[in-house]
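The structure that follows is given in the form of structure tokens.
By written order: A, B and C. Residues from 1 in each chain.
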Amino acid sequence: MGYTLVYTQVLEFFPYLIKGALISLQIAILAFFGGMFFGLIFATIRTFGNKLMNNMVIWYVTFFTNTPQLVQIYFLFFALPEFGILLSPFVAVLVGMTLNAAAYLCEIQRAGFLSIRQNELDAAKTLNFTLTQQVKYVILPHIMRVLFPPLSNHYIIMTLGTSMAAIFGVEELTGRAFNINSETFRSVEIFSLTALVYIVITFIATFLLAVIGRYFFKAKMRIIQ
Amino acid sequence: MERLLEEIPSFFTIWNIIFLGKAMGVTFLLTAIGCFIGFSVGGLLAIFRKTKSIILLPLRFFIVIYTEVFRRIPFLVSLLLMFYVFQILKISDNLFLIATITVCLIATAYIGEIIRSGIESINQTQWDAAEAMNFSYFQILKEVIFPQAWKVILPPAFSFFIMFIKDTALASQIGVMELTFAAKILNNKGFSPLLSFGTILILYFILSFPLDRFGKYMEKKLVTNRN
Amino acid sequence: MSQIEIKSLNAYYDKLHVLKNINLNVEKGEILSLIGPSGSGKSSLLKMLVGLLKPKSGDVILNNKQVNYNNNSDLRTIREQFAIVFQQYNLFQNMNVLKNVCIAPTKIQKRDDKKVEEQAINLLEKVGLKDKLKSYPDELSGGQQQRVAIARALCLNPEILLLDEVTSALDPELVQEVLDTVRLLASEGMTMLIVSHEMSFVKEVASRVVFMDEGSIIEINNPKDLFDNPKEKRTLDFVSKILKDK
């Protein structure tokens, strides 16, 4: 084989690598909440809006869910300059991920809206709840419980999705792995270590989300299936 | 804008169209092979994961680790890791092969989970009733569980297939000649990025959208069938 | 010689001690009814007999032969003696009624296809469902499904029939049709262990009643004495509560 795995040479870069994970997290959280915000607006339009706006949202969602996030970001990064819009790598990735997330999170939240059962609303009405009370005590808790698992799942997907930022030079986790690789050429060691970091990050995230889900939203979620 | 319109004829040459067609084929092939293997091997993983005998415990342990690992690593990292492992071990320098193997490993993990979910959705009493009648584990799966589970498995599995088409875009990063790589090549050749990446976006859409519609139609049919 | 002898049996579901020091004899042809609050171990006892819950300690002797639930070939033999009907989801949803009844006798017991089909049709006629042979379970009511499940159990030619709360999941108007079927079987001399909440039915049909609570057998007696003159306080509490609810 003529190749021995030497992890020690790579371990001195470990702190540098881990700090990249923080940037990955940053991107994921920003894009997620950005996506939630716009997704909520879109979901509201889809559920309550007029026909024209409804169709516009449908087209948006259809486009963004049927094309790859990577190519969406490529487009933003390389094609927008043609129109004079120059985005830095970080911003391009962030905008791309946000636009993409908005589409998926719109659909998830819309499903949440649709899951409100009429008899729950009726029950609340007969108990003389005002509209605000209905929302606060019946609708919101129900929606949050229904939405928490798929939203958490999408968040995890997005966390893994931040790795494509490396392609554009962003120095998040994978990007830093690229850098270390070009310095030490210990490719297998670096990328296996990076893989391990992603595994740990997602486990922590899944665990925290499961705990939050169970205690705050009464959403039952498993950690390992 | 005029520059763009001027470019269009030189962009859509026969050569380019064939080039893009081939790239689209590679994208589709990667997805299809990945999902086919993913379904077959993933199915086996799901079946063996639910066995109860002590002898098979190491196998169950391996399956759980395997599934968790490949579902928690980004595609890009998996591809790169596989690329470098192949390089180090001097197995092959065929990029398509490397990408295909990676894609199969990933799909197996995801589809295996979908199948396992489907199996678990069948009420425990169905298992108990069959077991009490002396059905073996595999007989129960064959005669009772899978004939019911496939309806629960097919929609998410098909969804995964459609999602996977988009994920193969990352294979471009190790140099596989699929759609995204083709866009990069055309862009590097001097064509406008708007045209290059825009066209590729449309091509992905053409691949994905009909399948998506078919998937939704199929789901509707399954729901009405069940009722 | 009892048909079933259970001695000092203990069983656990994960860490939960669900069967505590069970001692019970079942005579051939008798109809034993198990009653008690939820979680008392009644269903667990039936599941244990049919090998779905492995005993941790204790002995089970079937027809004078000691059996080992942890031995696979023993387990096959044990299961050939019993047939069990659960509360719901008994029928295989992907097969029609006839196939449901015939599949185990033909595929597992390897009996002759034609003879099995004949017996199946007879049994389905007995339970009043001869015209539903080709129907699928989701086309039947809960009561009809349970009657098919009973026919399916009988087609296995068991020595002992186990009925685990077979009417508990049914709408009230469907309960009687199933109880009528059970009543019919009771009069034919088959050994039966019946877990039920239907107290009047239990009183009518059972030769002995076993009261269980929290995993142990508290009291065993004939129905009249157990209901009217319970010896244990817990039995009294349970029985009076049940009668009060009626």
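For this structure, a couple of remarks:
Rule of thumb we're sticking to: a contact is a pair of C-beta atoms (placed from the backbone, for glycine too) under 8 Å apart; a residue touches a chain by one contact, two chains touch by 3 or more.
If you're wondering where the values come from, they're calculated on a predicted model, not measured in any experiment.
Among the other chains, C has the CA centre that is most remote from the centre of chain A.
Should one ask which of B-C and A-B has more C-beta pairs in contact, the pair is A-B.
Nearest to the overall CA centre, using the mean of each chain's CA atoms, is chain B. We define each chain's centre as the mean of its Cα atoms; on that basis chain A and chain C are separated by 51 Å.
Work out the mean CA point of chain B and of chain C, and you get 46 Å between them. Per-chain Cα centroids separate chain A from chain B by 20 Å. The residues of chain B never reach two or more other chains; the list is empty. Residue positions of chain C touching 2 or more other chains: there are none. Shown for chain A are the residues that touch two or more other chains, of which there are none. Only residues 47, 50-52, 76, 79-80, 82-84, 86-90, 92-94, 103-104, 107-109, 156 of chain C touch chain B when the two sit together in their complex.
Put simply, chain B touches chain A in their complex at residues 64, 68-69, 72-78, 80-81, 84-85, 87-89, 113, 116-117, 162, 165-167, 169-170, 172-173, 179-180, 183-184, 187, 192-194, 196-198, 200-201, 204-205, 208-209, 212.
Residues 1, 3, 62-63, 65-72, 74-75, 78-79, 81-82, 160-164, 166-167, 174, 177, 187-188, 191-192, 194-195, 198-199, 202-203, 224-225 of chain A touch chain B in their complex.
Contact residues on chain B toward chain C in their complex (touch as defined above): 123, 125-126, 128-135, 139, 143-144, 147-148.
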